[in-house]
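Below, chain A partners chain B and then partners chain C, in two separate complexes.
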Partner chain A sequence: MRNILTPMMMPHRLIMAALALAGLTAMALTMQWDWLPANLPRLWDGLLMTLAMLAGSVVVGFALALPLALFQVMGPAPLRWLSLGFCTVIRGTPLLLQLWLFYFGLGALFAQFPEIRDSWAWPYLRQAWPYGFLALTVSFAAYQGEVMRGAFTGVPHGELEAARAVGMSPWLVFRRVWFPRALHRALPTLAGEIILQLKSTPLVATITVTDLYAVITRIRQTTLLTYEPLLLLVAVYLCLSGILILALRWLENRVPTQR
Partner chain B sequence: MFQSIDFSLLALDAPGWGGALLQGFWRSIQLAAGGYAMGIVIGILGASAKLYGGLVMRDLAQVYTTVIRAVPELVLMLLFYYVGTDLLNRAAQSMGFAGIEVDGLAAGILVIGLVQGGYATEVIRGAIRAVPHGQIEAAQAFGMSPLKVMRRVTLPAMTPHAIPGMANLWMIATKDTALLAVIGFSELTQVTRQAASSTRAYFLFFLSAGALYLMLTLVSNVILRRYEVRARRGLIAAHQAR
Partner chain C sequence: MDDKPAIRIRDLHKRFGDLEVLKGVSLTAHPGDVIAIIGGSGSGKSTLLRCINMLEHPTSGQIAIQGEGYRMRPARGGGLEPADRKQVQRIRAQLGMVFQNFNLWPHRTVLENVTEAPIHVLGQPRAQAIDRARQVLARVGLAEKADTHPIHLSGGQQQRAAIARVLAVDPLAMLFDEPTSALDPELVGEVLGVIRDLAREGRTMILVTHEMAFARDVANRVIYLRDGRIEEEGTPEQLFGDPQSPHLKQFIRSVM
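The block that comes next holds the complex of A and B.
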């Protein structure tokens, strides 16, 4: 505890903290916050949507990133080019453009087929969130695929050879040595990628998914306030990023770093 | 079911949207380049504040980079856009002008530059720390002023270390310009959406815009890699000698 507290007790930091506190109090007192209590449930729903988008796209995207990376490292030539091309195209174009392509393009295309309109999937495909989820997942898979490719190639060759010399099957080598070692190498970057993904989630608001950003936009339109909702949004994202960073650092420290 | 794709929609002249797309593309490049240049300037200032500044400057720079890297770009852009135009308008009114119309391009560059600056600060700080300290001390021993040391030694020596990170930032800058479409700037993504929704040829326009962005990325990749080889020319020899 003292290690955390001592750097905060330096005089200039105390003064800066006091100034920041004064600024926050001034904001709380002089700005208009009466819209907050009535909108809390909606804000909570928006926050849950943001977190669901983040968690879902990270988990599914990571699962997709593994084959993308493996194909690039050891796949046959056509698969290698395909996954390399996929990663290049997704990483070379803006996420917003991909999102709009999926939502407007695929949405309009699906509506043309009666087979799809009559199928069980149509009630979902008519909503916006599957397209937002798809775009976020594809984007995360491409960026994370690139990271995992580097991590897979970075595992020292001797370790894999040793595993093979012990008589492990290729699958066992992958499960016991190659994948854990690669994941360990990728963990620090994974934390950064997840923060980046959190910061991409508000884009889904542009296709009418009601995440936190969309709720704030709605509040801004109804109350005609410019700054207050935006400042709240900044504060919430700051907290989310902070919590994520702490959680991922905790996870990283749990993995033994001894070689 | 599939109508054949009507490529005449991409024609350069009025009924086609090709000209409008290219104009939007040019505007995107201007926004990205301007924001990137501003980001580099902020980055150098921020890195100097973090490395050489006093206690207060150091902490302020830390707060700036932390906030920039923790809050979504879209939210930052909205905030900077409203705060920036509001402040400008108030300043103009207090000086006696009746509310000025803020130039869209300048506002966009400002917004992207402020975001880029946060990341550039970290990249440049790391690159400056990679420069052997003896080189900077030698320059100081010659009696150069701090500015001259910066201009003649620190900046050129840190360039090769900064290039990989800065190249990454340029890619981010080109893609971040698309976010300005949400605020209503008529750059490539916004124009594409207008074209697509008025002709209902969604795939054609979104894919063409994607091709333009991809082309920009790939071409700048090649150029940046060449520049990196040039900037590292002394370092590679030193590395081989070891």
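The block that comes next holds the complex of A and C.
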């Protein structure tokens, strides 16, 4: 705790904290917040949707990123080109476009097949969130595939050779040395990418997923307030980013390395 | 002396593209032998050593560890490759290699570096592996550093930790690939001291080294490699005291 708290006690930080506090007080006293209590349940649901979109797309996207990265590093040529193509296309087009292609494109396509309409999956596929989740996941996978590709190639060759020299199988080399080393090297970048991913989640509101941003938009429409709901949104995203940054930094600092 | 040699190499050739690095090297190490391989840079010393545990695949020739020959098959694009990966892994687990750049795993503590192979390759119980690791760390003078990460160690300490990592599996033979070349001069002594003690203990070793005085001191046989061939071999007294080949004479003059 000490090494987290000490830097926060620096004079410039204290002044900034005081300014923020003054701002908050001014907002609470001069602005209109009476809509807040009645809307808390909806806001909570929206927050959960935002967090679910973030956590789900980060976890599944990262799981997809590993094969994407490995195919590019050491896969046979067809898989290598396929992964490279996938990453390039996804990273080269706007997330909003992908989201709409999935929702309006795939969604409309699915609806044309009776087999799909009658299947167990239809109750899910007729909702919006699977498409939001899919788009966010695919995008995260493509970016992280690129990050992990760099991290895998960056692990010093000698460390892998030492692992082989003690008799490790290729899988054991991967599990015990290559992957943990690459992950640790990628962590700072990964941390930034997760924050970016959090800030991409509001896009799902454009396909009617009711995340936190969508809830706030509705509140603005019903209350005719401009700033108050948006300021709340700012505060929540800031808090989420802050928590993520601290958690990931803690993770990074658990292993001291020079690289 | 055991009748099965610890390491036997017959007519080893290694080619990298158009460059033939090893041009027919044969070598036999019996248990307890300490063999120093000397020679100028590019003479093929490291390649020879790395062929012994298949970090390099020979182009032709045979290598047997304690009588068991590597099963090889023709590789695509010429040369040979191991036909049986499991066999290679099993033999590697019995050979300890110490690298020029230590190659410790920086995401694990010194102790974890040492217990890694015993636990995850040999399948030893954790408690037993940790006991053994603490013994070998004490043996190389690093008992106090067990729980630190490698980056907090000096080069000499890192290399001693790497030697402990090898000792933990009680190897049949130890392969040293220029173990002091990456060290600051004042740190060379502590590493050579540890290797010398292990040699006196009767461990089988093959050492690629530039430390001639050290080779003379610990080795019972010295091999002078030049241009991919063994140009001269014999006891340290013969090679350093009365070298025959003009190249070796010049080499010894230039490095001593």
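Basically, the second predicted complex is superposed on the first by the 234 of 259 C-alpha atoms of A that agree within 3 Å, B and C clash if a C-alpha of one lies under 4 Å from a C-alpha of the other, contacts with A are read in each partner's own complex, and residues count from 1 in each chain.
Methods note: a residue touches a chain if its C-beta (ideal position, glycine included) is under 8 Å from a C-beta of that chain, and two chains touch if they have at least 3 such contacts.
Source: prediction; values computed, not measured.
Partners chain B and chain C fit side by side in the overlay (superposition on chain A).
By the touch criterion defined above, A:S169 reaches chain C but does not reach chain B. Legend: residue contacts after superposition of the two complexes on their common chain; A:I116 is shown touching neither chain B nor chain C.
Our angle of interest has its tip at the CA centre of chain A and reaches the CA centres of chain B and chain C; in the overlay it is 100°, to the nearest 10. Of the two partner chains placed around the shared chain by superposition, chain C is the only one that A:P180 touches, whereas chain B remains out of contact.
In the superposition on chain A, contact of A:E161 is made with chain C only, not with chain B.
When the two complexes are overlaid on their common chain A, residue A:F104 makes contact with chain B while staying clear of chain C. One of chain B and chain C touches more residues of chain A, and that partner is B. The superposed three-chain arrangement places the nearest Cα atoms of chain B and chain C 20 Å from each other. On the side of chain A, the complex with chain B involves touching residues 10, 12-13, 16, 88-89, 91-98, 100-101, 104-105, 108-109, 112-113, 195, 198-203, 206, 213, 226-227, 230-231, 233-234, 237-238, 241-242. Residues 53, 55, 85, 89-97, 99, 101, 103-107, 116-117, 120-121, 149, 151-152, 162, 165, 169 of chain C are the ones touching chain A in the complex. Residues of chain B touching chain A in their complex: 1, 55-56, 59, 67, 69-76, 78-79, 82-83, 86, 171, 175-179, 181-182, 189, 192-193, 196-197, 200, 202-203, 206-207, 209-210, 213-214, 217-218.
Residues of chain A that touch chain C in their complex: 156, 158-159, 161-169, 172, 176-177, 180-181, 184, 255-259.
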